[in-house]
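What follows is a pair of complexes built around chain A, which joins chain B in one and chain C in the other.
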Partner chain A sequence: MRILTLIRQVLDAEETVHIRSGEIDLNGSKLVVDTMDEYGVEQALRIRDSGVDVEVVALAVGPERNQEALRTVLSMGADRAIHVMTELALDPIPLSKVAAQIAQQERIDLIFCGGQQSDWDSHALGAATAERLQLPQVTWVSALEVHGQTLTGRHDVDDGSEMFSVQLPAVITTQQGLGEPRYPTVPNIIRAKKKELRIETLDQFHVDLKLNVLGAAVQAKARLHKILDGKDAPAAAAELVELLRNEARVIP
Partner chain B sequence: MILLVVEHARGNVSKSTYEMVTCARQLGREGPVTALVLGSGIMAVVNEVALLADQVLVSDRADLAQYDSELWSAAVAQVASEGDAHTILIGGSRSGREYSPRVAVKLDAPLLEDVISVTAEEGTLSAERYTNLARVTERITARAPVTVITPKQGAFAAAMPGTHAAEQFDVDLDLTARRVQITEKSAEKFSRISLAEAEIVVAGGRGVGSAEGFRNLVDELADRLGAAVGATRAVVDAGWRPYAEQVGQTGKTVQPKVYIAIGISGAVQHLSGMGRSKCIVAVNRDADAPIFKVADYGIVGDVNQIVPAIIAALSR
Partner chain C sequence: MSNPATEKMRRVTGGSFLIEDLAPEDIFTLEDLSDVQRQIERTTIDFAEKQVQPQIAAIEAKDFSVMKGLLRKAGDLGLMAIDVPQEYGGFDMDKVTSALIAEKIAICGSFSVAFSAHVGIGTLPLIWYGTAQQKEKYLARLASGEWVAAYALSEASSGSDAMNIRTRATLSADGKHYVLDGEKMWISNAGIANLFTVFAKIDGEKFAAFLIESGTAGLTVGPEEHKLGIRGSSTCPLILADCHVPKENLLGEAGKGHHIAFNILNVGRYKLGAAAIGGAKYSFRSGVRYARERIAFSKPITSFGLVQQMIADSAAGIFAGESLVYRVIGAIDASLAERDKTAANNTAEIQKHIEEYAVECSILKVWCSEMLERVVDQMLQLHGGYGYVEEYPAERAYRDSRINRIFEGTNEINRLIITGWMMKRAMQGRLALLPAIQRVMDEIMAGPTPREEREGELADQHFLLANAKKLSLFCAGAASQKFGSGLVDEQEIMGALADMIMEVLVLESAILRTEKMQGSSPLAVLMVKCYAARSFRVVETAGERVLGAVAEGDMLRTRMTILRRLTKHEPENTVALGREIATAMTAAGRYTLQI
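Moving on to the complex of A and B:
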């Protein structure tokens, strides 16, 4: 079996977002593999660890620095990586075109993608990739098992969760609940340096950008900061309820 | 035409549908607002929607009793193509955001995902959306003959129903069998109200101490206020609550009228899921907890004393 994990390099959640001339500027900020994508890598490695004959291939599309993210994933244990190099910011719909073509070329059986990308706050990449490949998809998966050609597990839906069953090939989008991503060990970091990281150019994929980003802004909402001392609990509680009812008017 | 796919649950039209109608009417694009209802045994939904839309298209069939991303995207793309829809509105729910990218690919259309505003000017749609864990507002434009839009839940006001019922038409669809089999469904009863739709959310963090503490403090207060229940990642990891209740980077994003955080310190991953709430209230023992930096109101104190006192005060 061959598994493709889609990797996004994003701003570390602990970092401040810097905007310069109306654009997000990542220079000098700590960048990491998107947490949601790490769950996919971990799941792929667990399937391999369970004794199934699996090759784990990681794919990233973006500027040169994405190779750091791919090296991290190789250090976690992925077998090889593909980097489609571009300075263009692709939204998920054209990006899925690249992912789908790579999946086809590599004869992929199973694709993992984060449930939400933490830079676009988007859910679209996994689904769009599945559609281009005419594959079924299961999103927001929190538990997964492989039995031959069948995947079973649990995933979240609008009003709860469901147990599902689907045949490979398929696309799975991940979330917390799957196994916690492992940290790269020193021997694995050394080993990863020798693993294949193939670089491709974007032009062969014929993507068509239909969205433009005009500008970005950080607008922190002004907060009232009316913080009460709770030493006298009944008095503080009564005052808070009064404020919420009659000043903020947000509770009945 | 503007095609709007109706979200409904248990025989009722969801709030997101009313919000999509407002989005469609404010858009500034020509053409009737056409509602598409997919499901099985959906007459009540159709009648409710008829008071909102200019016309209603209905596909009432047994194989649509349960949502499926492939069936839904195939149905919407067929109706959109046959009806020459230039704009397609799909709900900002999890399911809507799951099948809308498939519709966009099928129609070779751009996807304006989870937008908080959108307006048309000649052939171009301009929209705003949150990015980077809801910390940034980006302005984007799309210029294409067909565009798919998912409006963010809660970002648009709910439309008022009219008194005239729009005409209804049955549509024939060519659908294949579903490939994802659902073997068991568990509606998480923990949250009585959908987190995404709730006007009041009461959420608990590690500071509530235990699963029992969560029930006694967070559930009790939520019940008293008719609120939905949310939880932090730490609480979910500890197994005190189900994943479905998690708010934050790896959970759900909510934007209620008021978010009441009990025993939550306010890590950035949690703030990204609730930082856009209109009013934030925090109860926490630690006066330096980051949650107080984003709070409108709060009490510094022991949640085990403060929360029961709040519940008592609410009854007066």
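Moving on to the complex of A and C:
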């Protein structure tokens, strides 16, 4: 069986977003593998660890620095990686076109994709990839097992969960609740250096970019520094309600 | 496995920084880390922040099952096997990698000390001096964290003077055992260790080391000490009473145990330097994050100049420290890369290469432990009253840092080593210190010379560095002229000279690193300028102290004229520099090189 895990490199949650000339500037910031994608990698490795004959292939589409993220995934234990290099910022629809073609070329049986992109919040990549490949998709998966050509698992819904089974090939979008992603150990980091990281160009995938990001801004959090005179408590309370309702507009 | 960058680097001899000038490309910096090194660094950060940090309260409460569990996890990740040879389950990697691990694991003093004692003084003697059988028996267990190691050298009446230990070993009548009697003090990891490296004198004369398993009859671990800091680490006395140790467990040669004791110290010292950088960065991060949230007079306190000054001063210290630590350890790696790895006595070669940099190792130990102390003090200060209570990490960091000036050789002993080692090398003709002193004297006596023209953003800092070198040589010359070889007994002067020597190495490392970055970090430029101003004051003050003690009357006046000439410069606007540095650090919420 061959598993494809889609990898996106994002800003570490602890980092501050810097905007320079209307664009997000990641220079010098700490970048990490998207946590949701990491859960996908971990799940793929667990399937392999359980004794199933699996090859785990990681795919990233983006600038050169993405190779750091792929190296991390190789160090976690993925068998090889493919990097489609581009400086263009692809939204999930063209991105899914690349992922689908790679999946076909590589005869992939199972695709893992983080349910939520921490930098776009679109939930669209897994679905779009499944649609292009005409494959079943299960979202919000929090438990998973492989039995031959069948996957069984749990799909979370708002106030509970549903159990499912699905025939391979399929697309699974992951989330927290699956097994905690492992750390790359020193021996695995050393071994990963020898693993294949294939670099491809974007042009062969004929993507059509229809969405352009024109600018970015960080929400400004200004403090009003307003101090209410508390000598007359009821009057101060009334003033506070008035301010919250009409100035800050945080209560109706 | 090592970083290709260090293999290409120019090899420098120990102590030569005082008399030679290097170019930026001659030194190793953190920016030169390889992919593998960065990934191991990342794994260590994740382990420290996600596994160790949530357990700090349990660690500090001396829940040793938590400590042992975490050590085991670190072993599972491979973090304890960096210096271990491959045939015993290790990775035999470069020293920069093990320093990175020491740095990143240092977010909790107690855990950091337990970890370092295990991989350093606990495991290294076995790696370096163990027989094949001894390594076969113990090394893989130590490298995996299954077993914890401890090192027992100090005694109640011998700390810095380690050669005076009283613990005795006698060969048993049947010749099968050594019988040990004595008491050891302040043994890190004693309460959790499975294997002890214990030093004793055979028949009260021959210094030797023994491997003793816990549970051996006659070996008793005493009660835990109640310490100022690193309270979660185990520190106990060790009592040896008629303790029978199998003869095969003698480590190294009888009568040469002191080689083990002293060679291990060099590694302990440079790793302490790296750990101090990690501790300082962690303390800095929590301090800055507190300060930017703390409102006083309706403003975050990070908007006040005197708070900014503490932030900037700490950041500049960390920057200089990083530059120093990785330059020196990178140089050790460059030197190690030249060794014949197939040689039968590979470990003796390793020690020889590290011993070459003994003076740099001592500098890392002293300078970084004092930088750390300055950082934790300032970070505590900006918490105000909250810094003095246990609720915030500042209080623990302040207590935990204090041990660093004491163990691995007190900073006083190490200052004597720094100046003494340079003098010894000079006398042996292995370091051209005397001709260098002569050159400086000749230059000075020829009268004032115009300042050397130099291009570049750091021209003023290069000028300060060049003069710091000259002044150090001038003062060393003046001191040895007065005392000759008796200088070793003038400890205060030796100490002041050590301060000057240290600042030369630190300042040069920070300047060269900044230049190697080629403008990629404007913040580094600000920090090196800020640090240079402080560093030069240290040199000037120490120089005055030396001159005041070695001359009087006209001679003193002449020498002070020379000192004034060498120290004359226009001050940088450190107020403006400090504000800019602090603003960037505050925005990042941590130590950073990117604005």
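Assume the second predicted complex is superposed on the first by the 216 of 252 C-alpha atoms of A that agree within 3 Å, B and C clash if a C-alpha of one lies under 4 Å from a C-alpha of the other, contacts with A are read in each partner's own complex, and residues count from 1 in each chain.
Keep in mind that, in the parts below, a residue touches a chain if its C-beta (ideal position, glycine included) is under 8 Å from a C-beta of that chain, and two chains touch if they have at least 3 such contacts.
Since we're looking at a predicted model, the values are computed, not measured.
**Q** For A:72, select first, second, both or neither according to whether it touches chain B, chain C, the two together, or no partner.
**A** second
**Q** In the superposed arrangement, does chain B or chain C reach more residues of chain A?
**A** Of chain B and chain C, more residues of chain A lie in contact with B.
**Q** What is the contact status of A:19 with respect to chain B (first) and chain C (second): first, second, both, or neither?
**A** After superposing on A, A:19 lies in contact with chain B but is clear of chain C.
**Q** Under the stated touch criterion, which partner chain does A:250 make contact with: chain B (first), chain C (second), both, or neither?
**A** In the superposition, A:250 touches chain B alone.
**Q** Going by the contact rule set out at the top, does A:52 touch chain B (first), chain C (second), both, or neither?
**A** Touch partners of A:52: none, neither chain B nor chain C.
**Q** If we overlay the two complexes on their shared chain A, which of chain B and chain C does A:88 touch? Say first, second, both or neither.
**A** So A:88 meets neither chain B nor chain C here.
**Q** One more residue to check, A:199. First (chain B), second (chain C), both or neither?
**A** A:199 contacts neither chain B nor chain C.
**Q** A:27 contacts which: chain B (first), chain C (second), both, neither?
**A** Second partner only, chain C.
**Q** Common interface residues of chain A with chain B and chain C?
**A** 14, 225, 227
**Q** Across the complex, what residues on chain A touch chain C?
**A** Against chain C, chain A makes touches at 14, 16, 27-29, 68, 71-72, 75, 183-187, 189-190, 192-193, 225, 227.
**Q** Provide the residue numbers of chain A that touch chain B in the complex, in ascending order.
**A** 11, 13-14, 17, 19, 24, 35-36, 91-93, 96, 115-116, 118-125, 127-128, 130-132, 136-140, 142, 152, 156-167, 175-177, 210-219, 221, 223-231, 233-234, 236-238, 240-241, 243-244, 248, 250-252
**Q** Within their complex, state which residues of chain B touch chain A.
**A** Residue list for chain B touching chain A: 9, 67, 69-70, 73, 93-95, 97-102, 104-106, 109-114, 126, 129-144, 179-188, 194, 200, 225-226, 233, 236-237, 242-244, 246, 249-251, 253, 257-258, 268-269, 272, 275-276, 278-283, 287, 292-302, 305-306, 309-310, 312-314, 316.
**Q** Show which residues of chain C lie in contact with chain A when the two form their complex.
**A** 1, 35-36, 38-40, 42-43, 46-47, 76-79, 81-82, 91, 93, 298, 521, 587-589, 592-594
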